[in-house]
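What follows is chain A paired twice: with chain B in the first complex and chain C in the second.
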Partner chain A sequence: MKSVEIKNLTYSYVDSTPVLKGVNLSVEEGEYVSIVGHNGCGKSTLCKLIIGLLVKDSGDIFVNGLELNKDNLQAIRKKVAIVFQNPDNQFIGATVEDDIAFSLENDNVPRDQMVSLVKEYATKVGMENFLTKEPGYLSGGQKQRVAIADSLVRHPDVLILDEATSMLDPSGKEEIHRLINKMREENPKLTIISITHDIEEAYGSDRIVLLHEGEIVLSCLPSELFNNTEIINKYNLSVPFVVELKKKCEELGYNVKDKNTVEELGEMIWQSK
Partner chain B sequence: MDSLTFGRYAPYNTCVHRLDPRNKILMMVLLLVSIFLRVDTWSTALIFTGVIFLFLIILMIISKVSFIQLFKSMGAMWVFILFLLIIYIFIPNPTYDPTHIAFYIGTYGVNYDAFYQSGYIIFRLILMLMITMLLTSTTKPMDLTYAIEWYLTPLTLLKFPSHIVAMTLSIALRFIPTLLDETQRIMKAQASRGVDFNRGGLFKRIGALISLIIPLFVSAIGRSEELSNAMEARGYDPYGKRSRYRVLRFGWNDLLGFIIILAVFGGMLAAKIIDANFMKIDIIYLIFGAKPLF
Partner chain C sequence: MAIQIKNLSYTYLKKTPNEVEALHNVSLEIPENKITAIVGHTGSGKSTLIQTLNGLITPTSGTIEFKDFVITNKEKKNKRIKELRKHISIVFQFPEYQLFEETVEKDVAFGLKNYGFKENEAIEKAHEALAKVGIDESFYKRSPFELSGGEKRRVAIAGILAIDPEVLILDEPTAGLDPVGSKIILDLIFELNKNGKTIILVTHDMDIVLNHADHVIVINDGAIAFEGKPSRLFSDDVSNYSIEIPQLFKFCKLLESHNVKIDIDKIRTIDDLVDQLRSRHG
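Showing the complex of A and B:
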């Protein structure tokens, strides 16, 4: 089943050249898609259009078969959750529990349900001991974990991560990646659209979509993209560590055909003569 | 940033902290009114404000409010005290008893009553300071906004958006620490580019301040846009029906506290009425049989 379907979407800001020039994209239920591309290629604009924060110029957006328009806006926002880049600017409540409750208050959830849901989701993201803490006392990674809890507590079908890890330190990034993998295991139906500059993260997804100057130029498996030297050089992309390592090993004459992780390659290297 | 520490919330768990914030606001108003009920006889005034003073000291001890902070903020009042004294001394007041001259400045006689009047006002200002400190350092700012929202709810009948006002207030409170951090970061960034915030003439300092204010505003506006996006994406509709996570409870301890405050208020009111209507009772004179000072 198609989770998100975008047909011929165009958008331009008031006084500039078009940002999106006819984007077609369809994402299956439970798929984890990474959207990569250079700054200003229209990635963030695309997210904001999907969730209806911006109004498209032309084209259609469907979420679970529901068309995005004025009447369906609130219904679609219930299905699609988004986590933004800056951890500080999406923390609305005074404390962690208030912030998670904010989403529920908007959905008019009765209070006794709210109390148990806040606890449940704080535990899911590992923030159950920080319920009464204010954002000033949390690290960036913790704040983003709260933001993910805020999104998931509304039971969305689609989770959009708009560079959600780009302002975090490496350990914060690691925390979020682990959390996302856990969420997918718990709910295989959750569709994730991740906009990212982090090539390692993109490598771990089901599919990579390369956006360049408002157009989708490539949509394929991560391994396909990173083995395609021509595309990588043309769009000046960096390559994940494991791919580079594999390539170097191949040049040195190792057989690396079915070795896909750093650990496997490491095993191979220390066992070789 | 020292001025911002006045009456900052101190996270203890005392019986005053646990009171309903709505009740605390009401009690604060009652105490403030009872302080500013003016009693004309000086000794009655002294005794009744003294009783309230002791009462507040006890409350401060119970609720672990810092006395050091109180002294600090009183220290900030000295300019005001001086100003009051000058006004009371040099502006002639026909109600002063002309026989109570303390000393002469040139040919102008300074009246004892001037000291009494200004002292009375300053004492009451200090009491007011203590009361507001008691409120703000035992109540979370967020709880205060919930209480204010509750007091504004009758106005919703007149289409006044009390929920929106409370939401605005709580977001402003939420972002104060974030923006303070930002201010410090910008100050450091500008200082490293050669801006000096502490020295130079007036115009130089204003110039330095502008280099702080403009980036701060730009960033705050940027933040507000991202914040509104995040709120909208999470389904916030200011005119929609929302449930509430925070519930305020008026319990037995609230009732008890309210009765105590009401008794204090009643006492002050009685003193005021007796003092104004019957005779100028001088309590010291009544009790000790001593002659009033003036």
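Showing the complex of A and C:
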């Protein structure tokens, strides 16, 4: 089933500079898609259009077959959740439990259910021991985990991460990567669209979409993109360590066929003379 | 060495109930003509340290020596601070927020005029500094506000380079830039160092430390937790310092643990590893 379908989507700024020039993208239920591209390529604009924070110039957006328009906007926002870049801009409650409860309050969830849901989702993101803590006592990674709990507690079909790890330090990034994997194991139907500069994260997703100057130039498996030297050079992309290592080993004359992890490549080296 | 720091302590809000000791008895040396990285997690005291280095804040105790300059805790005795800042300059995080002039060249020339250069001399030096950061003359008359994020940052760095300091301190110079923008800034820093400038780099990015730094200092809870070569740091137990060991380094260690001979001190980039593996093959 198609989770998100975008047809010929265009959007321009007020001064009519085009940002998106006819984007077509379809994402399957349960798929984890990363959208990569340089600053200003239109990645964040695309996300904001999907949840109706911006209004398109032309084209169509469907979420679970439902067309995004004025009548369906509220219904679609119940299905799609978004986590933004800056951990401090999306912490609304005074404490972790208030923050998770906020979205439930909007949905008129009865109090007794709310209490148990807050605990359940705080536990899912590993924040159950911080329920009464204020945001000032949390690290960036912890705040982003709370933001993800806020989203998940409403059972979205689609989770959008808009550079959700870019302001975090290495351990914060790692926390979020682990959480994404855990979420997918627990709910294989959850669709994830992640906008990211983090090449290692993108490499772990099901599909990469490369956006350049408002157009999709490539949509393929991460391994296909990173092995395509021409595209990598043309769009000045960074390459995950394992892909670079594999290429270098090949140049050294190793047979790297079927060697896809750092460990496999290492073993190949230490077993050779 | 370029800068010698002895028993430096700094306490915020001293003699109030909220006093916090940000630096505690720190002694270290910043080597001349090298790239020194300062790492440590948020709140460790990194920013406090770099602010003491050019006299933006006065130490609570201890001294900082650079050539014949000495900064002490006696604020009134630190008369040559303005002169010192000509030798040791800081590029703050997100320096592009500090751009303010009408044109790019005026913005870069501003600091020079503060140091008594005449308008035409200042503009001439501004042009030289802009050339160093790869901003050509088509930008001179443009407003700094209409540039892209990466261009703004280079203009802001040019403003400091124009003063031609011997020691350049940069706080998270690649923060918020995309990979292309980051590379331009890092190449520039590397080039400046090759031409003789002492660089101090505050960063969270351990790939930058491995690829570029000669010397690394880890600050933890206001004290020096480590000082030495990047390769030695990554060989240490770093679990307490929010440091992520670069993948390249981990891979070299993996090879070493299986008896592949590697001179790990000489590895900064993947190409260094390739060279060593190649010679192994004969």
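Following the convention adopted for this analysis, the second predicted complex is superposed on the first by the 272 of 273 C-alpha atoms of A that agree within 3 Å, B and C clash if a C-alpha of one lies under 4 Å from a C-alpha of the other, contacts with A are read in each partner's own complex, and residues count from 1 in each chain.
Here is the rule we go by: a residue touches a chain if its C-beta (ideal position, glycine included) is under 8 Å from a C-beta of that chain, and two chains touch if they have at least 3 such contacts.
Keep in mind that what you see is a predicted model, and the values were worked out from it rather than measured.
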Chain A as common anchor, with chain B and chain C clashing or fitting: fit
Computed vertex angle (chain A) for partners chain B and chain C, CA, steps of 10°: 70
Touching partner for A:Val239 - first (chain B), second (chain C), both, neither: neither
First, second, both or neither for A:Asn106, with chain B first and chain C second: first
First (chain B), second (chain C), both or neither touched by A:Leu218: neither
Touching partner for A:Ile231 - first (chain B), second (chain C), both, neither: neither
Touched partner set for A:Phe84, first chain B, second chain C, both or neither: first
Nearest Cα pair across chain B and chain C, whole Å: 6
Contacts on chain A seen with chain B and repeated with chain C across the two complexes: none
Residues of chain A that touch chain B when the two form their complex: 48, 51, 53, 74, 77-78, 81-82, 84, 86, 88-94, 97-98, 101-111, 114-115, 118, 134-136, 150-151, 154
Of all residues in chain A, those that touch chain C in their complex: 38-40, 169-171, 174, 197, 199, 236-238, 241, 244-245, 248, 251-253, 262-263, 266-267, 269-270
Chain A-touching residues of chain C, taken from the complex the two chains share: 41-42, 148-149, 177-181, 204, 206, 242-244, 247-248, 250-251, 254-255, 258-260, 270-271, 273-274, 277-278, 281
Contacting residues of chain B [partner chain A, same complex]: 140-142, 170-171, 173-174, 177-178, 181, 223, 226-227, 229-237, 240-247
